[in-house]
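A short write-up of the structure that comes next.
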Amino acid sequence: MPMNPTCRSRRFPHLGGLGLVFGVLILMMLPLGSMADEIDAALIDLSDRSFEVKQAAVDVIAAGGDPRAGTLLEALLGGNLYARESDRRPVLVAPSPGGYRLTDALDGSDLGEVERGAVKKITINNRMRNQLRTAIAALTLASPDPEIRLKAAQQMLGDANPIVVEAIRDQLGREDDQRVRDYLDLSLALASLRDEAPAARLAAVNALSGSLYPAARNALTKLLSDEPDPEVRAAAERSLAAIEQKLKLNAAAETLFFGLSLGSVLVLAAIGLAITFGVMGVINMAHGELIMIGAYTTYLVQQAMPGFLDYSLFVAIPAAFVVAGLLGVLIERSVIRFLYGRPLETLLATFGISLILQQLVRTTISAQNVAVQNPSWMSGALQINPALALTYNRLYILIFALMVFVALLLILKRTALGLQVRAVAQNRAMARSMGVRSARVDALTFGLGAGVAGVAGVALSQLTNVGPNMGQAYIIDSFMVVVFGGVGNLWGTLVAGLTLGVANKLMEPWAGAVLAKILVLVFIILFIQKRPRGLFPQRGRAADG
Amino acid sequence: MGVASVMRGDRGGQAMLAVLLVVAVVVPILNLMVPESSPWHVSTYTVTLLGKYLTYALLAVAVDLVWGYLGILSLGHAAFFGLGGYAMGMYLMRQIGDRGVYGHPVLPDFMVFLNWSELPWFWQGFDLFWFAALMAILVPGTLAFIFGYLAFRSRVTGVYLSIMTQALTYALMLAFFRNEMGFGGNNGLTDFKDILGFDLKSDATRIGLFLASAGALALGYLACRWIVTSRLGRVAVAIRDAEARTRFIGYRVDRVKLAIFTFSAMLAGVAGALYVPQVGIINPGEFSPLNSIELVIWVAIGGRATLYGAVIGAILVNYGKTYFTGAFPEAWLFALGALFVIVTLFLPKGIAGLVGMIRTWRRSRSPAESAAEAAP
Amino acid sequence: MLRRDPIKSVLLGTGLVLGLTAGSMAQSADDTIKVGVLHSLSGTMAISETTLKDTVLMLVDEQNKKGGLLGKNLEAVVVDPASDWPLFAEKARELLTQDKVAVVFGCWTSVSRKSVLPVFEELNGLLFYPVQYEGEESSKNVFYTGAAPNQQAIPAVDYLKNELGVERWVLAGTDYVYPRTTNKILEAYLKQNGVAEEDIMINYTPFGHSDWQSIVSDIKRFGSEGKKTAVVSTINGDANVPFYKELGNQGVSAEDIPVIAFSVGEEELSGIDTKPLVGHLAAWNYFMSVDDPANSSFIETWHGFTKNDKRVTNDPMEAHKIGFDLWVQAVEKAGTTDPDAVQAAIIGLETKNLTGGTAKMLPNHHITKPVLIGEIQEDGQFAVVWSTEEEVPGDAWSDFLEGSKDLTADWTPPVMCGNFNTVTKTCLGAQAQ
């Protein structure tokens, strides 16, 4: 059977980004008045069903030179532009008691209140987004706000159109912000690579040496393929080598960050277990589900405070600690306390609890995953340089993992509870005879471990799925980390988690994700043969338990 | 040493074997001789289901041998089971011959459509039943031997050992998931046609496999009884209860452990090999660490260190699973989870211990009666 | 010691075993037609499959409101194979032999379908399989109402190539048979279209992969070499959320490197914060957002049935709806639920798609489908940006794979073969005997 001969596309012919800018700049020189009608028509066209028509409309609006066109296009790009059903006029909306309060998108006049059904959002597609960004950049390169100029300069980087280059040269003449100048300089250097004169090319090549922008590297690679002048060639090769050298260093730094970040996730997932399993000796198979409960708490907190997404995590962290901690106390009081001294049987009972918790979530909330949102400060990346960016969510979670670790360490080493916990863990009978209320300590310790698992769930909800099965993804890794580090030693858990994370990421590029993980497991198995009690073995009597 | 001597004193085991014998005689008759319309007819579905339970029971016995009598909580026995299953699966795959969907004379379907040009070396020989059968025992045995040799020599014990066995099965699962390994990746091996020339779809073959499973369970059970009643078994129990002391007395603890662990792995391999033709598929999911945990739970529910308890536990839990997944698809995990919790809390010796508990309870209620009972 | 007669205890034990087996036999009533539902309600696949179970229950309910079928009421029999592949085979056998269902709607993953396939062939049952899959299969007993690769993957790549000018390709998938096969087909297809080896990057990750840092960074590097790059994603369910999050955070936007997914639908998006995904693409045969009266009424019924007007609809749900309609028609045409009669009757039958056009059951047990490409919107819905003008017939055997380019499937006489070699004019494999 022939493979799909009948599928013909509905094509959307489209002015490319270059053509658009070209058009904008030419049209800007024309008298404006005659275009008002055209713009009015274009505004209506924005809510057309066809993306083709919409794109043409955007071109017209951008070319109109209306000072508010930029705002309108921004609103369109941001998905904030609606069309009034009655006359299809584009409007901005704000929620109001009766429905929406409308503002005219172009002149900003108040258009009164309407019901929700009276306006419809104007959708855009991938191509339009690109078109809009370029159009906005062209409109805003001369903006008085340096931040806006910076964005525009970034968007126009590497654009080879002579008119654009001319505009950039113009702007460079009056630009006083250094960051914007850098981008404009780079753009000009890239343009000069295509200059007729070898001397101009040579200067450009030298200017690009060591630049980490992908555009610079690509332009140099391209230049090398057809450069006639030997001197420019040699310079280009040197420049490129300098770039490659820098990129390698950056890639190494990036891998290290990836490894530490993966490690911090492992540490977070495992650290609660380091208490319930490591300190108390309970083989807590429900640990993963306690993480899940923490993640679901985050979800519920976000549902409960819809307008305050950016602060939701600060509420979720204590909430998850309390919810998972109380659940932990409940589990300890109702089941585990009957099983002390029979560690392997705690495995069976907690496995049963984990099944119940999973199904509980499935029936009370949903079998589907739930959407936990990222606050704005968790999105995006910290740009160190053009080739190295550290994503904020990973960075914060790395820091958070260390904070949790330090807090736990302080609790165990510096508080009365910590002292009692360690006493009970080392010698229950002795501790009791010294007046420690071991039952209370057990409950609190287990609650602490469970609470920390819940807090880990808050962090993990920012990285991955939140669903009934999420706990199972972490339980095995968590046990590996605790055992590798040495049962009963928090430092061991920290070092083990970070080591395994970095080892995994170092191997991943050449072995692939799966094989890297297998190799890490084999490594742990062999390592335990060498050091049967992990990296930091516990010494003394308790070690025989 | 006869059957009678190894079974002496094992009343639960005697009853279990007797039930097994009766079922093995009655079920084939009810399946093959009784017409389908009769209420006494046992459907082929049931026969296959019982066959599957029996292989699980054998696996549970293998786990109980190392956990109950040697004190090693293996969270990786599913790995040995899976390896035995894969060996049998490879044989069954080769038996398909040119009846695969692409009609290739040698290569299994999944290799054809992933553009393999020839059979990889480790698939050679699996067209012969005896070779595959040998591998189903030797591969798990060898793996257990190497793993045990390293672990027991360096005295990895307790939870460390448990977690390491878990790492082992987890690593195997990830490895078998990889399509490059040449074991069919996530899909595993399936669409089997026949075994030793007998059509796998025929009732008679299914009965045959059912009987083979019953036989393997009986033999495996007797072998384990023989071990636990032998001198080796008594040393094993000593190791379980006081490892250091046994070592100081002069026993080679690591060798005893290694021997029993390896034997147990081989038994698990046999169970796997019998399991695959009855369920019709083997895939990496069998290596899942959760499976290993589950089978430890069968043993715990049946009653640890009784052997026959493992059989009861395996059959009961799996029957419960079959029944509840059909009858209460939405709620069966609650029931299963609650069962695990309740058994650990209230029946620390499992169902096998229940008899003893009832006996004690009755005795405490009417001391006179129990005294009278004790008299003869 | 208790004086227990050993014979008595043996009898007791035997009775217990037999009692257990008898207990599992359900009584079949003659006044209803049973419809089996074989979808995981627990385990990893429950996320996707519970919705399909509800869909079949709704369809059965609707049909009964219309007066049932052949004068009888339909009765759904739901079982839970618990995302456990051998259990799928066991449950399929239970449905067919114990519950004696007339038809089964079920399975999601390829492995579950492969697991039950021999059971359906042995017992001559009927299975409607609603999910897009890798092709390379056509069984007499299975009807594939989801997309074959030529109804999803190839049009998607055409769109990227022609409309977005993509020149470099990242084929990223979860390591199992559907992505493997799809990527093989796409690789061959791209090379035929003049794409160089070094412009294709193939990457496989395990199920539920959650740490995408290195891979996204590789994709970014691969895409920064001057040519327009796109990612064709066959990443399975759960791994998608962290993948898209990582893309968003590392600053890879849909304008730079668009991702087109074959396994991400409305249901999956409902569990994701969609803000960073806006503009990424998906290729399906159905989108909830398509404005069509049939679709609106389907959504309305669904909301009514689930008593939740936030529940989304998705592509496999439509596939079940189409499969169910076709089956009902075939039973009415044949006047019986007998599998052979239904198999013969169903070929050539047509029903309306929810997005317009018709779905027709082809002789190879696949159906005709329109191909739609949608962009993810902030509200978790898709805006259709491209579609085929007419329906594409499903192709069981890919023309781009070495082993299958000469094969076709035709379940009408005189061929009656699922893997017929058009060169040697023979039916291959087991059916040859």
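Labels for the chains are A, B and C, by order of writing; each one numbers its residues from 1.
Basically, a contact is a pair of C-beta atoms (placed from the backbone, for glycine too) under 8 Å apart; a residue touches a chain by one contact, two chains touch by 3 or more.
As the structure is a computational prediction, the values presented were derived from the model and not from experiment.
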item: Interface with more contacting C-beta pairs, comparing A-C to A-B; value: A-C
item: Identity of the most central chain, Cα criterion; value: C
item: Euclidean distance of C-alpha centroids - subunit A vs subunit C, Å; value: 30
item: Approximate Å spacing (C-alpha centroids) for the pair subunit A, subunit B; value: 45
item: Contacts with 2+ other chains: residues of subunit B; value: 174, 177-178, 330, 333
item: Subunit A, residues touching no fewer than two other chains; value: 358-359, 514, 517
item: Residues of subunit C whose C-beta touches two or more other chains; value: 41-42, 175, 204, 206
item: Sites on subunit C touched by subunit A in the complex; value: 41-44, 46-47, 50-51, 150-151, 154-155, 158-159, 162-164, 175, 189, 204-206, 208-211, 213-215, 217-218, 224-226, 238, 241-242, 245-246, 248-251, 253-255, 258, 267-268, 270-276, 278-279, 281, 364, 371, 375, 377-378, 383, 385-390, 392-393, 395, 397-400, 408
item: Complex contact set, residues of subunit B against subunit C; value: 14-16, 18-19, 22-23, 26, 42-46, 48-50, 52, 96, 98-104, 110, 112-115, 174, 177-179, 185-188, 190-193, 201, 279-281, 283, 285, 315, 319, 322-323, 325-326, 329-330, 332-333, 359, 373-374
item: Footprint of subunit B on subunit C - complex, ascending; value: 1-3, 6, 9-10, 13-14, 17-18, 20-21, 23-25, 41-42, 78-82, 84-87, 89-91, 93-94, 97-98, 109-111, 114-115, 117-119, 122, 136-137, 175-177, 180-181, 184, 204, 206-207, 401-404, 407, 418-419, 421, 426, 428-430, 432-433
item: Residue ranges of subunit A touching subunit B (in the complex, touch as defined); value: 277, 281, 283, 285, 335, 338-339, 342-345, 347-349, 351-356, 358-360, 363, 472, 476, 479-480, 483, 487, 514-515, 517-518, 521-522, 524-526, 528-530, 532-534
item: Parts of subunit B lying in touch with subunit A, wherever the complex brings them together; value: 73, 147, 150-151, 153-160, 162-164, 166-168, 170-171, 174-175, 177-178, 289-290, 293, 296-297, 300, 330-331, 333-334, 336-341, 343-345, 348
